[in-house]
Amino acid sequence: MTIENREEFLNKLASRLGRERRTEGVERPQWSVTPQEEVFKGMNQDELAEVLEKHCQVIHTTFKRTDRAGLTQVLRETIEGYEGKLIVTSNDPRHQEYGVAEFFEEAREQLDVHVWDPAAGKENQRIAEKADVGLVYSDITLAESGTVTLFNNKNNGRSISLLPKTFIAIIPKSTLVPRMTQAAQQIHRAQAQGEDCASYVSFISGPSNSADIEMNLIVGVHGPIKATYILVD
Amino acid sequence: MSIKLGEVPYKDRVQTGIEDDFMRQAVSSAQGRFRNGRLTQAAELGNWEDWRELGSEIRTHTLQNLDYYLKQLSDNVARRGGHVFFAETAEEANQYVKNIIKKKQAKKVVKAKSMVTEEIGLNKALEEVGAEVVESDLGEWILQLDEDPPSHIVTPALHKNRQQIRETFAKKKGYTGSDTPEEMAAFAREQLRQDFLAADVGVTGCNFAIAESGAVTLVTNEGNAEMVTSLPDTVISVMGMERIVPTWEEMEVLVGLLTRAAVGQKLTSYITAITGARLEGEIDGPEEFHLVVVDNGRSKILGTEFQSALHCIRCAACINACPVYRHIGGHAYNSIYPGPIGAVITPLLEGYDDHKELPYASTLCAACTEACPVKIPLHEHLIRHRQIIVEQEKKAPTAEKLMMKGFAKWSSSPAIYNLSAKMAKPALGPWTKDGMIENGPGPLKDWTGARDFYAPQGQSFRAWFKQRQKDGETS
Amino acid sequence: MKVSLFSTCLSDILFADVAKNTLEILERVGCEVDYPMEQTCCGQPAYNSGYLQEAKQSMKQMMKAFKHSEYVVGPSGSCVGMLKEYPKIFADDPEWAEEAKRFAAKCYEITEFLVDVMGVTDVGSTFKGKVTFHSSCHMKRILGVKEQPKTLLRNVKGVELVDLPMEEDCCGFGGTFSVKNPVISQEMVSEKSRHVAETEAEYLVGADMGCLMNIGGRMRREGKNVKVVHITEILNTH
């Protein structure tokens, strides 16, 4: 697409910096310290899971842990807890893998599950807006900050984690990493090799909140009001 | 609108701030909370100084190569289906955005919080072409309804109490509920949800643009930036030209510094990176994405001794540490950017004429420098401003200039100095009572307006020492 | 150990006891102390107000006065902090750049000197009273001397040290700030005075006479009964 006024603008910057324009060959220096790489270094997945569980309390997020066998039961209970009738969820192969697709089938009398469908256009958004629950799988999970990372795309709409009243993230234990450092590294390495990043990357840490009224913390402003993470071993 | 907020003289602004009990209480309490948050996070990391050093190195390298990274960024945004406009002035930026609004015949524009759009006065420009602009950050929405400027970079409505907010909601939006924060926030959610869904255009700022991908990173707790970048068909991100990092790896370091230093959180609830227009098959996100890169005076700072002021990541840690800010509040600075960082960059962006008091509104206690997560030497910049005001701008008061000339003579001449040491006690004698001066002459008058002055007790130290030497005393 | 005393102009002219006590403490711990009479002022009042040329005249005089000293020790964190800035200030001055570096390297604040150079943490003094300590901004943040005063205070027999709320917050003096921005300065010193009162201490102690005369002067105006004392007095009381 278009780029306007760039040359004049950047030429001015170079001249302010007292040199010619640099258009190639700039490398990041070796930083003198790299504290980000030391955080939770060497922790295994179970230890990271403990960190995640602890931090969920801080970010007003309910934490549940189960295995593949128990997932659908925990999911059912969580949805019931949120009085969920209309669910919007990503079109994710893991629904099959984790037996969740089967659960949706079985529960189709009680639950109206809308799987994100590129062919349905803006109707997806309208449903998400009315939905009680938005359900996703975490692509990378940051233990330190209790963060679910989503690489949004045509099968995983941005609205899913944003518009519904509540939010549930299924977190495969294998997706746990210490902190954003590892997620950033992954995206950077891929980008450096020519693999473009998603058009939207969401790092979500619990429900939305604000302290703009007299510094009173209110949980649930524009995004979901409640959130649950279900860690699956 | 310019960076300057209004025409009220400095002294009056300070007085208004001092007299606003609610604001001072609110600021004091918020400062305490934010400061404790930052210190707690720093202590938990255990090596905060390393993080600050890394933050400083990243910003230094990036600024030194700003032209390179902006080229890389713009190439990537364009490759990802976005349009990039480089705006040297506020007017150019506003005109570009207005053209988009006109072309799209946009009626409703929803905005996520952006300091740079306030700086360039974008809202007013959009209203001129008939768009309804709705701020979606709760604090900014409150201020927009109330037509009040922000008083803090991160919590802009800090100076408002719940009764004032309730009144604003009632008057401007027909709110009939109580003044409990929960109820008012629920009302805001419901109201703004309609605006998000109906918006033709979304406007955001930019916390960190990622050069290697062409991504714009947005940091919020409310989820409003996410609404603004997912629902409307056209999204425009406006960025101060210095708000950029080379790769995702630097973004994550700076984001973590920002959220900890600003509000004591490891991360805010939402960190999102939007790259260009939505891809084929995607429903959410814009068809059309624009990035407006704004200079508006920043290039004046580049290549000068003040360049490190451009390292700022807009966390407001300096504002939260500043004792002067605590007593006078944000509006007293009369700039979109208050507090220490405001006092440093406002004269650089807008000149000294309207802002010459700002560099002096500080005791140089260096709490700001100590708090800054990217190690900007804020108090040193303030001293440099003072030097410029005195020597280049020649805006120092005459009486003060004379006094300082006298100081130079006195301190470079032992003879004159010695005389003053002898004369101090007798000279101040007439005003001294019980060893104290309660109502002093000349330069002492302002001092004794609020506190007693200790009169010289007896001999000067040097007189005593001379005597002691004569007497051949040692301990 | 040969030490040159830097009295500070404030102590020399207004608070001679502070320099006297400093001298006696240094002698007690075994130093041979001289007092170069050519010393005047560190230059801070002019420097902080933006008067660089005037400040430099002060600073050159100071460097001249202490040219032959091995150590320069003074009872003020902010004044010694100023001396330590000379290398940066004279960095582009071919005539003074080296001298400024040499000079700054030998300058110490008294508590810093006692603890870090002399290795003394107990000066063997006795002072009965409930005291609270205000750490001056310049000493803490610019000079970087944080723990040394309290280390020494804790070892003084009879001292009951209580923490001052928001101890690290500025007292509002800031040199010319107190007269250029008197309204704000008054608010800041009043807040500091309130915090001192909260501790119910009998004595407010500090290592900077500038802060102490500001807070002390305010407390007296408010009719508060707290005595203000420089740390050198406590360290020199037996």
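Going by the order they are written in, the chains are A, B and C; count residues from 1 in each one.
As a convention for this text, a residue touches a chain if its C-beta (ideal position, glycine included) is under 8 Å from a C-beta of that chain, and two chains touch if they have at least 3 such contacts.
Computed from a predicted structure; not experimentally measured.
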Chain contact graph, described as a line, ring, star, complete graph or other shape: line
Central subunit by CA centre of mass proxy: B
Whole-Å separation of chain centres (CA-atom averages), chain A against chain B: 30
Centroid distance [mean C-alpha coordinates] between chain C and chain A, Å: 53
Contact footprint of chain B on chain A as seen in their complex: 1-6, 8-14, 16-18, 21-24, 26, 28-29, 31-36, 38-39, 55, 59, 116, 118, 120-122, 124-125, 129, 142, 144-147, 152-154, 157-159, 162, 179-181, 183-185, 187-188, 191-192, 196-216, 218, 220-224
Footprint of chain C on chain B - complex, ascending: 11, 14-15, 18, 323-324, 327-328, 359-367, 369-370, 383, 385-391, 396, 400, 404-405, 407-408, 410-414, 417-418, 420-421, 424, 436, 438, 443, 446-447, 449-462, 464-466, 474-475
Sites on chain B touched by chain A in the complex: 26, 29-30, 33, 45, 47, 50-51, 53-54, 57-58, 61, 64-71, 74-75, 77-78, 80-88, 92, 96, 136-139, 142, 155-158, 160-162, 165, 181-182, 184-185, 188-189, 192-193, 196-197, 212-213, 215, 221-224, 226-227, 229-231, 241, 246-253, 255-256, 263, 266-285, 293, 295, 299-300, 302-303
Chain B partner contacts - residues on chain C that touch it in the complex: 7, 9, 11-17, 19-20, 23-24, 27-28, 35, 37-38, 40-41, 43, 45-55, 57-58, 60-61, 65, 137-138, 141-142, 168-170, 172-189, 191, 213-214, 216-218, 220-221
